[in-house]
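The structure under discussion is supplied below as C-alpha cells; questions concerning it will follow.
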Amino acid sequence: MERSEVRGLYLLAAFLACAYAMPFVVGAWTGTVRLDERWLGNLATVVIGGIMQGGVYAMFAVGLTLIFGVMRIINAAHGEMVMMGAYLTWVCFFYLGVDPLVALVLTLPVAFLFGVAVQKLLLNAVVGAPELTGLLITFGLGLTMIYAVELIFTTDFRTIPYAPGTVRLTNTIAVGQNRVISFVMAVVISTGVYLFLKLNRLGKAIRATALNAEVAMVCGIDVRRVYLVTTGLAAALAVAGGALVSIQFGFNPETGVLYTLQAFAIIILGGRGHYLGALIGGLMLAVLENLVSLMVPNGTAMVELAAYGLMIFVLLIRPGGLMGVKEG
Amino acid sequence: MDGCSFVVPRGKISGLIGPNGSGKTTTFNLLTGLLEPDGGQVIYNGENLAGLKPYQIFRKGVTRTFQVTRIFREMTVLENMLSVTGLGVPERVARQRAEELIAFVNLGHLRSEYGGRLSYGQQKLLEFVRALMTDPDLILLDEPAAGVNRTLLQHLLDHMHRLQEQGKTIVIVEHDMNVIMNHCERIFVMDYGVKIAEGPPAEIQRDERVVEAYFGRRR
Amino acid sequence: MTRGEHLRNLVLLGACAVALTILPHALTVYRRSFVLFTMMYVVLALSWNIISGFTGYTSFGHVAFYGIGAYACAILVADYRWHWIPTLGVGAVLAALIAVVIGYPVLRLKGPYFAIAMLGAAEGTRVVATVWDSLTHGGLGISLPSAETSLETYYAMVTLMLVTIVVAYGVGHSRFGIRLNAIREDEVAAEALGINATLYKLAAFTLSAVFPAVAGGIQAYKVLYIDPPAVFFVQITIAMALMSMLGGKGTVIGPIVGAVILYTAQELTWVNFPTAHLIAYGLFIVLVARFMPRGLVGLAIDRGWVRKGMIH
C-alpha cells in the first residue's frame, strides 16, 4: 500500500470514530444518555437490532456492487428494485394470502426476469459508455418505477404485520422477531450467492468478467450472458431485500430513493465491487443509524442524514472505501 | 523513480530516452506537477517547483505535450487554443495569436472543426501549438514525432530550432533515434527509473550501458 | 462568433423582452402563471447547464439551492415581515455561500460520484429543513401572507430570466466558458494548460446556484405556501437536467428550447394524466440519454442544419 493510501485509511478510521461518537455526544447533551441499566439495555438492543438490519442492507447492497463490479455501471434504480420487492411481497400477502417468506419463491423469479429485461433493453447499450450515461439511464428507470408504482398503489405508506413478537434475550434486551427472521434469511441468501460465485461455473465466469472483461472474453466466456445473469441476480437480491425490509418497516413508492442512497453509502464505505466490503459497510451503516435514532432527538429524520453524511465523507476521504484500493 | 538527477542546459534542445517503462513520462509528470514527488526537488529559475499545482507550474513558463494527445475533443480547434490561461492579453490579441499558430501548422482551414475529428497527426500538431500559446520558456515534448508524417515532422523540427534560437529550452522524449541524434545537443538516458548515462549524441551512441539497457547484456 | 451575430442575438432577446412585458395584459390568470413557470424552468435549466453542461459536473442535487431560496423568502416574509424583493437577494447570497461550502469538497469527486454526492447533499438539505422546525416550521410548511402578486412575480421572473440568459450567454461565449469546457473535456490537460480547475469549477458551481435560489424565492411568493417535500422535490432537479439534455447541454439555446418544450408538454399531460406524466418523465430521460445524448441542438449541428457557433 502506498503512503497516501495508508493515510487515507487512518483518516477514514478517525472519521468513523467521530461519526460513532456523535450520537453519544448529542445524547449526553440532550440528556437521553442516562447510563442506568435500562438505558444500557436499550443501547444493546439497538446495536443488536442494527446488526440484524445490517445483514439485510448488506444483502441488497451486494446487488449494486455486483453490477458495478461486472459492468462498471452504477445502478441508480437499485433502491426502486428494493421498493418493488416490498410491493410484490405486500401483494402476495394481502391478495394471495401468501406468507412473505414463501412469497420469495414467486417474487425472485419475477425479479430475475425483470433484471434480464432491464439488461437487454437498457444496460447492454451502455456497457463501456461513460459511467454517467449508465447512471442517467438507471435514474430514469428508477423514476419510471416510482411513478408506475404510485399510479397503482398511491403514495400511502404500507406495512406488513408479520411476526410482531419479540425475542427476549435478557430482562432489558429484546429484539423483534421479524428482525431475527429477516437477518437469518439474509444470511442464508447471501451465503447462497457467495457459494454460487465461488463454486458454480457461471459464478466463476461472473467473477472473471469483473476482474477483466476482455480477458474473460478471450477465455471463451460469453460476456453477454454473464451480464444478463448478473443484472438478474442483482435484481433478485434487491427484491429479496425488499421482502425482508417490508416485514420490518413501512414503505411507500418514494422510499426507494433512501434505499438507493443507503446501498451507495454501503458500497462506497466498503469498497466498490467488493463483496466482503458490502457486508462490513452494511453492518456499520445500520448500527450507526440505530444509534442515531436512539439518542438524537428527531432521530428518525436524522437517520437519513447518517447515510448521506457517511457516503459523502467516505467519498471525499477515501474514494476507494475500506477494502478497495485507490482508483485511477 | 529513485536517485535520479538531471540538469537540463538552458537554451538548448535536450533528449530524454530509455526503454519502455523506464520512467520518461513519469519524469515529465513530476516536472509539471501531475505527480507529486515523495522527495527531491525540481529547481527552475532558482525556484523549487516540487509540490506546486500543475497550473501554477504552467504559469511559471513550463509547458508540455502528452504522449497520447490530450486535446479537447468536443471543442473546436480555435477553442482548444483559446482555453490556455495566463496570457494576460485581451481576447482579440489571443485570438490573433491562436490564428497565427494554427495557420503555422496548416490547421487554419480546420479552425471551426471539433478537435476529436482531426487525424492523430493533426491532433499532435494542435497540441504542440496549443502549448506555445503563452510563449513558454521550458517546453517538454512527449513523443512529438509519433504519428506525424515526414513533411509535417520536418516543419515541426524546424520550428523547434527556431524556438531554441529565441532562447527557449526544449526537452523531448522520443523513440525515433534519428530525431534524437540529429537534433539534440545533450541526451539523458534512463532505465528502471534511474539515469544511466548523459552526454552529447556521439558519446551516447558508443556508451556500453545504454546499449545494454536497450538490447540486454552482451555475453 | 462575429460581432454581427452577437448583435442579432441581442436584438432577438430585446424583442422577447418587449413581448413578455406586454403579454400578461392579454392573458388570463392561468395562462399568465403558465408563462411564469415556463420562464422559471428556463432559469433553472440554464443554471444547471453552467455547472453540468459547460463544466461537465452533472449535479443531481441542484434543487437544494431552489429550496434554500424559497425558504429564505418564506421565512423572512412570513416571520420577519420583510418586503419580498430583498429576500431574493438574501436567498441568492445564502445559496452562493452554501454552494461554496458544499462545492469545495464535493467538486473534487468525478463524474457519477459527484452526481450521487449531490443527490445526497440535496436530500440532506431537505432533512435539515424538516428537522430544524424552530426556523422552518418543519413539516408543517410556511404560509405567506397573501397579496395581489400575480403581476409583480411575473415581472420579477421576466427580469430574472433575462439576466440569466445574458449571464449564460456571456459565460458561453467568453474565455471563461471555454475554460469550463476544457475542464469538462479533460481536467488534467486543462490544469497542465494553466487552468486552476478548482477555482473555475467553484465559480461555475456558485454561479449556477444563485439563479435557482432567486427563482425559488419568486416561486414561494407566487404560490404562497411551501413545505420541504414541495421545494426540495427531486423531480425539479431532474427537470433541470432533462430540459438541458433534451435541448442540448453545453449550449445556451439548448436549455431554453428544452425548458419551453418540456414544460409545455408537461402542463398538457398533467392536466389530463396527473401521474402518467411523471412516468413519461422517467421514460423520457432513458430515451434521451440512450438515443440523443447531445440533444436537439447537437442533432441539428450533426445533421449540418446549422453551423456550430451559429446558435450555440
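Note that the chains take the letters A, B and C in the order they are written out, and that residue 1 is the start of every chain.
Just so we're on the same page, a contact is a pair of C-beta atoms (placed from the backbone, for glycine too) under 8 Å apart; a residue touches a chain by one contact, two chains touch by 3 or more.
None of the values given here were measured: they were computed from a predicted structure.
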{"item": "Pairwise touch network: line, ring, star, complete, or other", "value": "line"}
{"item": "Chain closest to the middle, measuring from C-alpha centroids that were averaged per chain", "value": "C"}
{"item": "Comparison of A-C and B-C (more C-beta pairs in contact)", "value": "A-C"}
{"item": "Whole-Å gap separating chain A and chain B, where each centre is the average of the chain's CA atoms", "value": "49"}
{"item": "Rounded Å distance between chain B and chain C, as computed from the means of their C-alpha atoms", "value": "42"}
{"item": "Chain centre separation in whole Å, for chain C relative to chain A (CA means)", "value": "32"}
{"item": "Shared-contact residues (touching 2 or more other chains) in chain A", "value": "none"}
{"item": "In the complex, chain A residues that touch chain C", "value": "74, 76, 122, 125-126, 130-137, 139-148, 150-151, 257, 261, 264, 298, 301-302, 304-305, 307-309, 311-312, 315-316, 319"}
{"item": "Residue ranges of chain B touching chain C (in the complex, touch as defined)", "value": "32-34, 53-55, 58-59, 63-64, 66, 70-76, 79-80, 82-86, 91, 94, 112, 114, 130-131, 134"}
{"item": "In the complex with chain B, residue positions of chain C that touch it", "value": "174-175, 178-179, 181-182, 184-186, 188-197, 250, 307-309"}
{"item": "Residue ranges of chain C in contact with chain A within the complex", "value": "58, 60, 105-106, 108-109, 111-113, 115-117, 119-121, 123-124, 127-128, 130-131, 234-235, 238, 241, 245, 275-276, 278-279, 281-286, 289-290, 293"}
